[in-house]
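The same chain A turns up in both complexes below, where it pairs with chain B and then with chain C.
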Partner chain A sequence: MATQLPPVDAVMVGFGWTGAILGQQLCDAGLNVVALERGVWRDTPTDFATTFAQDELRYMWRHHLFQNVAYDTLTIRNNVNQDALPMRRLGSFLLGTGVGGAGVHWNAQIWRFLESDLKAYSHNLKRYGKAAVSAYDMTVQDYPVSWDEIEPYYDAFDKLCGTSGKAGNLSGKIQEGGNRFEGPRSAEYPNPPMAMPYGPTLFAKAAIEKGYQAFPHPSGNVSRPYTNPLGAQLGQCTYCGFCEKFGCGNYSKATAQTTILPYLLMKPNFTLRTESEVLKVETTADGKRATGVTYVNSAGEEFFQPAEIVVLSAYVLQNVRLMLLSKIGKPYDPKSGAGLVGKNYAYQTMGSVNVFFEEKIMNPFIGAGALATVVDEFNGDNFDHSGLGFIGGGYIAQMHTGGRPIEMIYTPPGTPAWGADWKKAAARNYLRAVNLSCHGSVMAHRGNYLDLDPTYRDSFGRPMLRMTFDFTDNELKMSRHLVDKAAEIGLAMEGVSTVKKNYRTGSWSVLPYQTTHNTGGTIMGDNPTNSVVNKYSQSWDVPNLFVTGAGAFPQNAGYNPTGTVAALTYLAADGIKSQYLKKAGPLVVA
Partner chain B sequence: MAGKTGSALGWVVVGMIAAIAAALLLARPSAAAYTPMSATTLSTRALTEVVPDSIANAQQVRLGQYLVRAGDCASCHTREGGGFLSGGFGLNTPYGTIYSTNLTSDKDAGIGGWSADQFYAALHDGAAPGGGALYPAMPYPYTTRVTRADSDAILAFLKTVAPVNEHQPPNSLSFPFSVRPLVHGWNLLFFRSGEFAPTAGKSEIWNRGAYLVTGLGHCGACHTPKNSLSADKTRQALQGGTLDQWVAPDLTQNMRTGLGSWSVDDIVEYLKTGRNAHANAGGSMAEVVAYSTSILADADLRAIATYLKDQPPSPEVGASAPDAAMRRGAAVFSDACTSCHMEEGAGQPRFFPPLRGNAVAQQTDPTGVLHIILAGDRTAATAQRPSALSMPAFAWKLGDQQVADVATYVRNSWDNRAPPVTATQAKAVRKSLGLKKERLTEDSTDR
Partner chain C sequence: MSDGEISRRKLLLGGAMVGAAVVTGAAVHDGELGMPSQTIKGALPWREGAADAPPIATGTDYRFFTAAEQAFIEPAIERLIPPDDTGPSAMQSNVHVFLDRQLAGPYGRGDHFFLGGPWPKGTPEQGYQSRFSPAQLYRAAIPAVESYAKSQHDGKSFRELAAPDQDAVLKALESGEAKLEAADGKGFFAMLLQNTLEGYFSDPIYGGNKDMAAWKMIGFPGAHYDYREWVGRHGERVPYPPVSIQGRPGWSES
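Here is the complex of A and B:
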């Protein structure tokens, strides 16, 4: 029997980026907010102080900050004809857990989607015709938000994080040195770009010689000490090269911990309960209203937390699973195409090119998560796709994320995988190689989706989530195009000796790391027949339920998702504050 | 206080015996000391809650609430996990542990039954109701300067504090300090009661600052050096003290160790936000900022700063550091410190303090800087600057010689100057903090 707790105005399930943003917004609006996080409390001095944060074995390989898949995991398959099996070791993506979520171990690459990304269906339909948006069983659709609507929230997140970069389009005026493809920005980045090491400098030079623009990657590793609008302070990045898969000991990386929690935790109307695993969202008998959530604490005690507003602010995969477990909305069925919860699961298509130098020393250990120069000519619809046989795209970047000695040893083609010759090549090339990252989109396809596994259950006896996903030729062709273009730039870099193209081929595999950019499953749209939530991340079926995060993406763009995740969360907060609190009910009538 | 005069001579004798006993017993003279706690864990909402008009004497209660902030009563009279001002916080003194009293309105355990006269006697004379003496861990040598009106206002506020029926644990003091009447002797030797009297010829704001610094705010309780019986060395007022392995820095106009290079605005910013261009508030001062100065009126902070800027500088201490230690220290500094404190000790002002010109680093007594290197520290979290930025502990990572060398280096680089630090000093601080060295980096054979 669950212990009944006093009701609150809002309960949030999961306390990463979106939980922290919404928590701050709702508390400032005067709501009494409780956040439930199934993981542990995490903070800079105790969990990743500078004295031990740069420990590749502990954090990267032994998964110190990630979800423990022995405790909870999901099952995986490529298509409906296979039996899904539990993912017993994290590989392709690295699920976060604990306060701050995956936002603790991210690279802090802060992107905005292109205007055309937000209209992926109608834009491509108009330019390339019906076949382009329906090939490969594509189920692509538009975001229900326009650029003008979302831009102020992108800007809010930039100011929260102290994003370091150079604008390419300020209110319609193209700016030298920035990304001229980006949508018009209302303001310059709050901090100047990071200082570029040798590799990104040579890459930018080669790209410009080839007629492309090259610009500094927008970075949440701040280029100078920064105090954000909440008063929270970020220290100047030291370029130590331990961001991705690590917590930052220097307070330099924008995370919930560095940007929001110092402010939010002082609020008397905010409560955070860690190690509290939500089992399901409870609803009224007619299923039209959420009454609160049932959760279990670390002692195994069960509680019911009643709330006026329920927010699913966990990671994409857990949000979809809780929707299905709570029987909210109709599960998606790939055979009939009916149902919406779990539909349009998408991901990221990663390719790369290793560039080797004979004499030049690249010092790869001077790194940061978003330290790069970028070419954006082949992203989204920045280029003519006619005759290419795919839609979508990605950016090409010389990412200098670090020179972590176990993970980041690149050897030229023809090097054996082990033994004395491998060692010789590793030692020879550690300082003489850089990586060009080809960070591509994944469109939505009929066969890629999420549902509950019929066989495997977690320690609470609940069905695991089942992921059914594969790359289609749309993604593979797109990625191949990117890799070829990247290799051309690589070969134009001064002092280059050789390049190695790493194409994405065959079926998606759960094994090699790619990115933790899982999207879709609770997609947003302009009416209840095509989406789970409206543009305010509000459930069409249960209006006092909000589902935040990248689950809302109808398909995934070529950029990293967090900027858009945060912007959509701010949009949801504004919808709640300016409309819902005055009149509870659907914020969009369709 | 009838009979006080009559027994004065006797108490002087007792006091002298106590003084001699103490001198013999104590290996190391030290002030009354505080165990630092994390600066934002106490339930102190009552310090800033708006006092409603519905209370009969609302105006007086409001003043009292403000004065409780000015006196930083919460830091010592609230323990972690305890009710607001319910006492029971253990103060580590060289003579044992003294537990703070319950100041809530509880009639049995708190001050709910106290009269205004009794409360004033406690503040003014260090006298408990019934004639007993308070231990001078309660800073009555400072609160004696509080006016009667302010004393009455404080009591009026305390009477509105939610009652908590909890008695503090008995003190665990060693003999002869456990004999409370000895305090009367200490009082005769060291305590002069008397309300604050403004200094003629000084401005109103200066006098307000003097009232707060030398009275209710009891800054000297930590920042004035102590004699062997924990009494202020009054001729060295505010020249810096050592307590519980922290250094309360020099607050005089000394350019190295004191506030000589700080402007009035610098001091105000530090007290208000917990940091300024020169320093971050950590250690016990983080509590003072959190529970007191950050929630005081700007005018009072300016008054405090005005008074402090008018203190004559403490004497200069000459020093020179051996080259070998400086070379070794530079290597440690480059490895361990520059990521936050930057090359040339420039720091990231208001984030990670500059070490160039840093007063804590240049205190003659290196205890504070050793404490921070060994155990780490957090900056005060305040409403304006909520980030409790931290310095990690290096005890497990650096050996005593390395700690001493880097301390010597920081104290004598970039125009800094302070006596060099020895491994023996580092070892002593490490031991007294109960920190072990878990990795023998400096003794490792593969260096």
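Here is the complex of A and C:
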């Protein structure tokens, strides 16, 4: 029997980036907020101090900061004709856990989507016709948010993080040195770009000679000391090369820990409970109102936390599963196309090009998570797709995230994976190679979705989430196009000896690591027939339930998702504060 | 934070610091369920002396591998990374010690693996689908590889083979051509190669990468913390000798 706790204004399930943002916003509006996090408390000096943070084995390969699949994993398959089997070890994506979520071990690559990304259906329909948006069983649709609506919230996140970069479009005026394709910004980045090592410098030079723009990657590893609007202070990045898959010991990477928690945890109207796993969102008998959540602590005690507002602020995959386990909304069925929860699961299509130099020393270990120069000519609809057979795109970047040697030694084409020749090539090329990342979109397709697994169960006896996903030719053609363009730039880099193209081919596979950018399943739209939530991340079915995160993406763009995830969370917070608190009920009438 | 939790963390870390925790795996393992739930309100929790420092491997004796397993592992990893003028071999780098400590510890037991059933054969895209933990896979696969080697090479054990024949056995495992009796040979080879690279290039605190010689070979400065003055010095070699999480020999002089 669950112990009944005193009611609160809002309960949040999961305490990573979106939980911290929404918690801060709602507490500042005077609400009494409880956050439930199933993982442990984590902070910089205790859990990733500079004295031991630079440890490739422990964090990357032994998954020290990641979700432990022994307790909870998901099942995976490429299509409905296969039996889904458990992801027995993390690989393609590295799920987070604990306070700060996956935002603890992210690279802090802070992007905004293009205006055309937000209108992926109507924009492509208008420019390329019906076939372009319906080929490959595509189920692409528009975000219910315009650029002008979302821009202030992108700006708020930049100011929170101290994003370091160079604007390319300030209020409609194109800026030299920035990304001229981006939507108009209301303000310059809060901090100047990061200093660039050799590789990104040579890449930018080659790209410009080829007639492209090249600009510094927007970075949540800050280029100088910064104090954000909440009074939290970040230190200048030291380029140690341990961001992605690691915690930052230097307070240089924007995370919930470095930007929000020092402020939020001091508020008397905020409470965080760790090691508290939510089993279910409880609803009234008619299913139209959430009454709170049932959770279990690590001693196995069960509690019911009543709340006026329930927020699913866990990771995408967990939010979708809790919707399904709580029987909220109708599960998506790929055969009939009916139902919405779990629909339009999407991902990222990653390709790359390794560039090898004759003699130049590149010092790959001088790195930071978002340390790169970028070419954006082949992203979204920044280029004419006529006759190419795909929509979407991605950016090409010379990423200098680090030179961690178990993961990041590139060897030339034809090098064996072991033995004397491998060793010779590794010793020769470690300092003389860089990687061009081709970070591509994934459109929504009818057969890609999330539901509950019929066979496998987690440590609480609940069905695991089942992921059914594969790349279609739309993604594979797009990625091939990006890799070919990247290789042309790579071959034009000064001092290059050869390049190796790493195309994305075949079916999606659990290995190797690609990216932790899982999207969709609780998609947003302009009415209840095409979406799970409205533009304020509010459930159409249960208006006092909000679902944050990249689950809202109708399909994924060619950029990293966190900037848009954060912006949509600020939009949700504004909807709650300015409308919902005055009159509880649906914020959009459709 | 309850007093109970503080004392548990201190106790566990105390164990880790004297090095006894390595094999028993008693190091604090954050991200795991099973620590007491905390209620955090009105303060940022912080406690002195509670850092989640890594466990340190000690000694160079064998604690996991049996004598028969040693007779396979030593020559096998020496073929994966052989001795030559380029740099140290796997054995010279104590990769065998690293493997032994890893398999005797949490990794060997399948920490951060889901090993529950059922266990039907999956597609290659579905990745690792064995019910074995890494330690169980090594234990099952090594005798099976020895049987395979004997069946292909006149009853000779792996250690007795000439280097080209050893390579042939390893390549047959790598490609999946060698069908083993009790284990997935291809999966085992992939794990052995990955673990060997880990032992060669990971921080020496884990027992391998002796003298940081593998880092010296490629030019990686290790757990160095600040490159600000080097970001803009394009094409110059960074002159710092490698440093481990435990420091480096030069630090204790002066």
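The definition used in the following text is that the second predicted complex is superposed on the first by the 590 of 590 C-alpha atoms of A that agree within 3 Å, B and C clash if a C-alpha of one lies under 4 Å from a C-alpha of the other, contacts with A are read in each partner's own complex, and residues count from 1 in each chain.
Just so it is clear, contacts are C-beta pairs under 8 Å (C-beta built on N, C-alpha and C of every residue); 3 or more make two chains touch, one makes a residue touch a chain.
All figures in this text were calculated on a predicted structure; none of them were measured in a lab.
Enquirer: Tell me the contact category for A:Pro268 with respect to chain B and chain C: first, second, both or neither.
Expert: both
Enquirer: In this superposed model, does chain C or chain B come into contact with more residues of chain A?
Expert: More residues of chain A are touched by C.
Enquirer: Touching A:Lys330 in the superposition: chain B (first), chain C (second), both, neither?
Expert: Neither: A:Lys330 stays clear of chain B and chain C.
Enquirer: Now for A:Ser298: first (chain B), second (chain C), both, or neither, which partner does it touch?
Expert: A:Ser298 contacts chain C only, not chain B.
Enquirer: Thinking of the overlay built on chain A, is A:Thr51 touched by chain B (first), by chain C (second), by both, or by neither?
Expert: A:Thr51: touches chain B and chain C.
Enquirer: Touch check for A:Lys424: first (chain B), second (chain C), both, or neither?
Expert: second
Enquirer: Quick check for you: in the superposed arrangement, does A:Arg127 touch first (chain B), second (chain C), both or neither?
Expert: A:Arg127: touches no partner chain.
Enquirer: Touch test for A:Tyr251: chain B only (first), chain C only (second), both, or neither?
Expert: The answer is first: A:Tyr251 touches chain B but not chain C.
Enquirer: For A:Ala232, decide between first (touching chain B), second (touching chain C), both and neither.
Expert: first
Enquirer: For chain A, what residues appear in both contact lists, the one with chain B and the one with chain C?
Expert: 45, 49-51, 236, 238, 240, 250, 262, 265-266, 268.
Enquirer: Quick one: which bits of chain C touch chain A in the complex? Just the residue numbers, please.
Expert: Residues of chain C touching chain A: 1, 29-47, 50-54, 79-82, 84, 86-87, 106-107, 110-116, 118, 120, 122-130, 167, 170, 174, 193, 196-198, 201-203, 206, 214-215, 217-228, 230-232, 234-238, 245.
Enquirer: In the complex, go through chain B and note every residue touching chain A.
Expert: Touch list, chain B to chain A: 40, 45, 336, 339-340, 348-352, 376, 378, 381, 383-390, 392-394, 396-397.
Enquirer: Contact residues on chain A for chain B in the complex?
Expert: 44-45, 49-51, 225, 227, 230-236, 238, 240, 249-251, 258, 262-263, 265-266, 268
Enquirer: Quick one: which bits of chain A touch chain C in the complex? Just the residue numbers, please.
Expert: Listed in rising order, the residues are 38-43, 45-52, 54-58, 61-71, 73, 76-78, 82-83, 85-91, 97-98, 195-198, 201, 236, 238-241, 250, 261-262, 265-268, 270-277, 297-299, 360-361, 363, 365-366, 403, 405-406, 409, 417-420, 422-424, 426-427, 430-431, 455-456, 459, 506-511.
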